[in-house]
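Got a structure here, written out as structure tokens. Questions coming.
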């Protein structure tokens, strides 16, 4: 299985430009599904605004003869510090779905995190990506705790068998309620698109709050899972420094600072607001990644300077996929990666390791619960 | 007397959605009366903005198998920490008026505070609500000081006789001047709607500033009233920490941090701004409640995390009443309560007691008179 | 000479409402002249915004049986702490001009400061006002330093002879350049309206920067003037604490914290921003007054709580004069004074002396040159 | 060669008014080229907003009989502290191009910095300006490091031979990528307009990131250049205090605090934000200049009060040039200089040396990387 090659829509000069293009291509339901936010969209807007509010104070005249964007994570080289965030049901956006997205990521050296709610079998995605492993970014598998541990373990073992390189356990979406945009659009899954990796019972719709909570994982479940997989285990959706310290104590392998793109708890703080205190809390004990609103190279640079090891990009790549399939995603990632390289050079940073907070100036300092 | 059952207007997905629906249903005068604000509306807008400016820093992976929203107040269990704020003349919004509102609150386990300026006899409301006491929230009676103590006491004794469970003395509206929206709409009370619980002299319109001030209560009146009722006595409309300390000294039973929904003193601080310093001032000596701009479950959660024991909701429920009578109010309260439960789960809080300021991050710290 | 009695335009519920009414009445040139601001209008907008950004934290249950707005200034009682700011050429706004404005102020117990650039003889205004002195506010005379001291002194002596009660020396407008709005409207003085109190040479248009500076007063001129008049001498247009200290040292009798309504130096700080540091600087050694953007009773209350003894109102009263002559001004002042009285009561303040900074909460603390 | 004299468009009352006039005159491509910004325009907007956010706290009654705007720089008197910023290809804006701009600057006593990417030979500009040296501002030459040192040195020697008075080495634009506005407008250089001072290979379009970085200068190149020219050497594009300290250590002669008008690194901090920390860092060891968003006399005054010795103005003068050629530029500079003189007088400053931070009040203090 391979992705068809589509033309790039005219006028796309930056990854952000794909949103308008996608709005024209997607039907109302799919648009609503992917663009939806929780509540009033406070967190979704805050994610973007928080990057914009951080100013850069560049260094000049440094010896930047060559800019490199590579990193290392879990002992594996990363060609660039970008990953495709786990997103469900990508075949809603484009027939090539997760395969198209993953191939495009691989072509650009970006990582790919397959959602356990993918509309393509995890084995199919892995096989497509593995045809050519040179220069490819990491391939990870995201999961939720399923209603029983045996089903969860079976999914983990399938991911291990397909040689996924890390597990991402999402911990901020135990409770998922319908979002207004989806409800107003009357969104329903079209025939032929579904969560094909999950048992039928799990793939069904949300259910009652009580039922959802009953399966919500705890730190004990994290310890249980960590003991049963040889893969690095990351937690996605952590914003509180206390939780970061607990994760470090349990020797979790990494954290993704995330608010689920503003799709779960509305008015959760922006990830750019959360990152400094999170970085202080873990103090290098485990790597931090971050997502939420990143669409420009300078956004990624700020995230890295605030202490993130890599950055996940979500919706903007769905818009690229919807607009031009794998070619759109590859193009969008290329634009983002090039912007990052240029921004690095403009900041006098030859390597990602040259980035730190001395390059940043915030308009308003985030205060964690101190002054309220 | 019971409330008719009306259909919920289409497209109502959150309590806030009722405002637009009500605007279509209400005539200009009633709309003006309920939506009016003092002055330029600074305080009314500040109330909403202040909740939005508080960010949530959720906890994850806590053992939240079940979320409970119940509380205890004055030794009585509250099914949920929501009460209908005292609002005058609810029959202006809907023929079922206070009875519809109170029955809906009871059905959802929310409390109901009857305004002494209600358009329904306090005994009628109490009788309607008491047909079924199971799982019902508290029934309280709000009053102003009347022009003489005897009349005030008579009203209190009627409330006690009808088994209201607490008295709410409003202390921020001694002076009430016409609001621009009402004046522009030429608002007049329609025939058949009036303040039926008050002596005719009291129900008449505002009168001169001097006349209003002559009856304005003081701390002495509070002490006098407290000595004459066996009911818990709350003061509504307190924003200053010094007044909170005085209330604690006089053994007042509770305070409602309120600016009257922005209907009295324009540019009074938002209640979310006032709450932290108020909580610090009383230091647990008496329970705080709060109202003003609460329309989302996350607003209520923030209020509780800042130290409120319960939250009162006003205008949004008038819009629900106007849109669909008691069914609308019940629906609106249900949406709000469900949002609160979901937000609790998303913050890793199984009980209201798990909420505290460590879950919050404010954009701009409130400064009480220190830095000006 | 007396003012005609005109009807109040419909829909005027607050002093601010007169602006729209005046816009309809005034021709383009007069509108441009009075509404003009310097530069980009930053200071003019800042004046208003600064009042709005100050929150009130009212006190409750205080013994406010009666609210009094009277003050004392220079040993003379003031019925209310409001004065009409000195404004040139009021006959451009209405045929009754300064006489209408002054009579209306007197009727409401407000003070009146006649501009030396008035379009009515200072003796005429004084005579009109003095027909009935009961309950009248103070009558002051504003002046600039003229091109020579003899002419300045002659003007002062005329004011003393006409029994003006204080002198206001404006010190922030030595340099006056045409404002864009006036230039775009091609504003020219109509026949019959002029600066009738000034020598013809002084009343002529601005002249070169050098010529203007040549007559700009210094602290020496202030000392000289103070030695030659028995009237209290106030300086208008002081914003810097260092200048306030210098004024106190020279035993100046009072200061008016003012930025000339945003008509001189654009981006001068708002007067509400300047007031706290000014009050700290003089520490009660001399009274402060303030103008700039005051249009609501709560604005005046905040000014008084920040340390001002009285408040001057400018443009809003020109709009009232233009809309309905003296009746409009009296009505506008009455609305403002009533709003102040109501706000006092709502803040638990029976007297102006009860106001202080403990009633205020600022969103953003003003920082005087410290952190830049 | 001399500049033709064109009429000033009607309605130009301030330098900023030229932008709208230029938009009507320029074709789409030239407009796009000059108005373009990097990324989302965050830095370009921040430049303007940062000046507006600084309030002025003027002094009064000082002995300002005469206002002087002259300064001294590198031992040479400056009639006024304004310079035309180096801007490429000015013949795109107007046939008179750099000659018209330079003559207008000379006529107003402002300095002129010729871009090495000028569309006029540097010798031609120098000859035109030198016909009359009385009261002229300084004539400087801007350059980038070219692909080899010999070519760079040859350019420097031509500038020296033509008696340019200082060299400005731009250090913030090693990497230059196409800007969206230019791309969308399909901008191409018209025939007959080109970078005539550069070797053909250098004047060609940008090239790969690697190629650009290969020629990017370092501190070693600065030291090399400084050793090979007798002219004062300034670095343009420095924002970080650490770099300012390094420049001082290398005895660089001056720094221009600049973010390239928001045309290179988007989200670089505003120059007004950078200036205070830069001034603290160099502590008078070398003079600072600044550009970015300056369009009002008060902007320039704030820059000088924050520690800049002079101010460069860019785009606004291109708009003036496009609107009315040299006459427009002279008029625009005159308006700006007059506004500065008036603002000085209004702040009680007779000389530029009277300006310091005690005249300023910032709404939000800039925090350099401390609190993030």
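When the chains are written out, they are named A, B, C and D in that same order, and each has its own residue count from 1.
The rule we apply is simple: contacts are C-beta pairs under 8 Å (C-beta built on N, C-alpha and C of every residue); 3 or more make two chains touch, one makes a residue touch a chain.
Worth saying up front: this structure is predicted, and the values here are computed from it rather than measured.
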item: Copy-to-copy rotation for chain C and chain D - C-alpha atoms, rounded to a multiple of 5°; value: 90
item: Equivalent interface positions on chain A and chain B, same or different at half; value: different
item: Where chain A and chain D are represented by their mean Cα positions, the distance between them in whole Å; value: 42
item: For chain A paired with chain C, centre-to-centre distance based on mean C-alpha positions, whole Å; value: 59
item: Interface hub residues of chain C, defined as touching at least two other chains; value: 364, 366
item: Set of all touching chain pairs, with the criterion as stated earlier; value: A-B, A-D, B-C, C-D
item: Contact footprint of chain C on chain B as seen in their complex; value: 39-40, 42, 46, 171-172, 174-175, 177, 180, 183-184, 209-210, 212-214, 216-219, 221-222, 235, 237-240, 242-243, 246, 264-270, 273-274, 364, 366-369, 371-372
item: Residues on chain A engaged by chain D in the complex (per definition of touch); value: 11, 13-14, 52, 54-67, 276, 296, 298, 302, 306, 338, 341-343, 345-347, 357-366
